[in-house]
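Shared chain: chain A. Partners: chain B in the first complex, chain C in the second.
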Partner chain A sequence: MAFQIILNFVLAFVWMFLSSNYTAAGFIIGFLLGIILLMMMRRFFTSRLYIYRIWAIIKLTLLFFKELVLANVQVLRVVLKPELDMQPAFFAYPTVLKQDWEITLLSSLITLTPGTVVVHVSDDAKTLYIHAIDISDVDEAIAAIHDSFEKAILEVSKS
Partner chain B sequence: MTILANSLVIFFITVGVLFIVVTAIGLIRLPDLYTRAHAASKSATLGVMCVLIGVFFHFWLIEGHFNPRILLGVLFLFITGPVGGHIMTRSSYIAGVKPWKGTVRDELGPEIERMKKEQNIK
Partner chain C sequence: MKTNDVIIQFTAKIVFFIIFFFSIHIFLAGHYTPGGGFVGGLLTSSAIVLLIITFDINTVRHILPINYTYFTAGGLLLALATAAFPMFVGKPFFTHFFDYFDLPLLGKQSLHTAMLFDTGVYLVVVGVTMTIIQTIGEDE
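Up next is the complex of A and B:
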């Protein structure tokens, strides 16, 4: 991915030298032409075109903001309820993610999602131990949310 | 246009203050450390972020001064907020802080026991 971005920048500079137009507009035109060139040459790269990965990152960020707002509305409901009848629980969550940065990202996402805080990551980094503030209705919902998060992270890290 | 900008600023700061108040109430009302960590790590992060974004919009749209340092502050809070919550809960569980009696399931206890035995911590 980094190689493709650097190649795109180099192509943009080459375009600026070719047209001897050393302005921001010239750079942007060269960059867009470079993207078209990279698309045409995509069979020569071993990994995906980097635009797909940037799109996946944007989608993950939007998902993150949505979950953050939902989480806060849920905490607000729990805190302002007249009687404290929630059922907290610690549960284990097996993860399929391998690399350290993916697991860190997933933990941050889980901590900012409705009703869950990551308490402990096991030594082999295969299991996350999560504290849920209300296990009764959240148990299946959590599985669905985490499937969507894990899927989004895998979408970003896929080569 | 000024009305629109003003209402944007007022909206963000009101929401931020609301979430910070909820955090404070949660810290008093909730029964144990782990449930309090929920309030502290989520609502406080979003509350402070909303207040900062409101300040950013005020200086940008009304005073005409674009301040990227506020945006960097929002980004740093976004990264460090959940990590703080995680570290506090983890260290207190290892140090032996008991969860609330209403806790229905505890799969973390055996894991911590095993880890302590392996590393010879009492």
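Up next is the complex of A and C:
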């Protein structure tokens, strides 16, 4: 991934030197041509084309904003309800993520969406302990997190 | 009781650089906008303190093998030299000089000897803060 980005920059600079056009416009033209070249030569790389990964990052960001709005509305409904019938709970969430940045990102996303807070990461980093403000079905919540955030993060880190 | 601090450790590694950059920005912005040597030094110390809180004092000492008393001494010497220099050219103590220079990349900038004095303040603040925190932290 990093190698491909550096290669793309080098190709853009080569284009600037070839066309003697040392402006931002020349750089952008060279960069776009470099992307086309990388696409043509994508079979030579061992990992995915880095554009897919950037697309996955954008999708993850959009997903996060969507979840943020939805979860805020949910918490608002819990707060404004006349009767207190919410069911707070702690539950353990088994995660398949391995690297530090993935676990940190997942925990931050779970914490930033209201209603759920990550309170602890187990010592072997395989389980997240989460507190939820209003939860009726634990398995459903685990499945929801797994299908949305964890899948999107795996999509980003896939080589 | 060893807990898994993966979240704070990863976050601190990234946030450290942001705080450090911001401290340099504040330090350089002292002449025309709020900021200066004191605030910049405190921000730099707070970035290192974040690392000390996240890891531990010996790890950070291994990563940054700095004797902070030298920082304090060097900062005081620099401030004193900046203040005393005008006496050798027949001006009163603490006279500052400034001029406009054409720097590469930055264009026309005004350089002021108050900046050197501010660097002295910055070094003293970093040195004193870190000395205090390391001394208290190592107290058994």
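Criterion: the second predicted complex is superposed on the first by the 152 of 159 C-alpha atoms of A that agree within 3 Å, B and C clash if a C-alpha of one lies under 4 Å from a C-alpha of the other, contacts with A are read in each partner's own complex, and residues count from 1 in each chain.
Here, contacts are C-beta pairs under 8 Å (C-beta built on N, C-alpha and C of every residue); 3 or more make two chains touch, one makes a residue touch a chain.
No experiment lies behind these values; they were computed from the predicted model shown.
In the superposition on chain A, A:76 makes contact with chain B only, while chain C stays out of contact range.
Shared-chain residue A:3: touches no atom of chain B or chain C. When the two structures are aligned on the shared chain, A:68 is found in touch with chain B, with no touch to chain C.
Within the superposed three-chain arrangement, the count of touched residues of chain A is higher for B, of the candidates chain B and chain C. Judged by the touch definition given at the top, the superposed model places A:133 against chain B, while chain C stays out of reach. When the shared chain is aligned, chain B and chain C each come close enough to touch A:122. Residue contacts after overlaying the shared chain place A:101 against chain C, while chain B stays out of touching range. Put simply, chain A uses residues 107-108, 118, 120, 122-123 to touch chain B in one complex and chain C in the other.
Put simply, chain A touches chain B in their complex at residues 68-69, 71-72, 75-76, 78-80, 84, 86-92, 107-108, 111-112, 115, 117-120, 122-123, 127, 129, 131, 133, 135.
For chain B in complex with chain A, the residues that touch the partner chain are 19, 22, 25-26, 29-32, 34-35, 37-39, 41-43, 45-46, 79, 81-83, 85-86, 89-90, 93, 99-100, 102-109, 111-112, 115.
Listing the residues of chain A that touch chain C in their complex gives 100-101, 103-104, 107-108, 118, 120-125. Residue ranges of chain C in contact with chain A, taken from their complex: 2-4, 6-7, 9-11.
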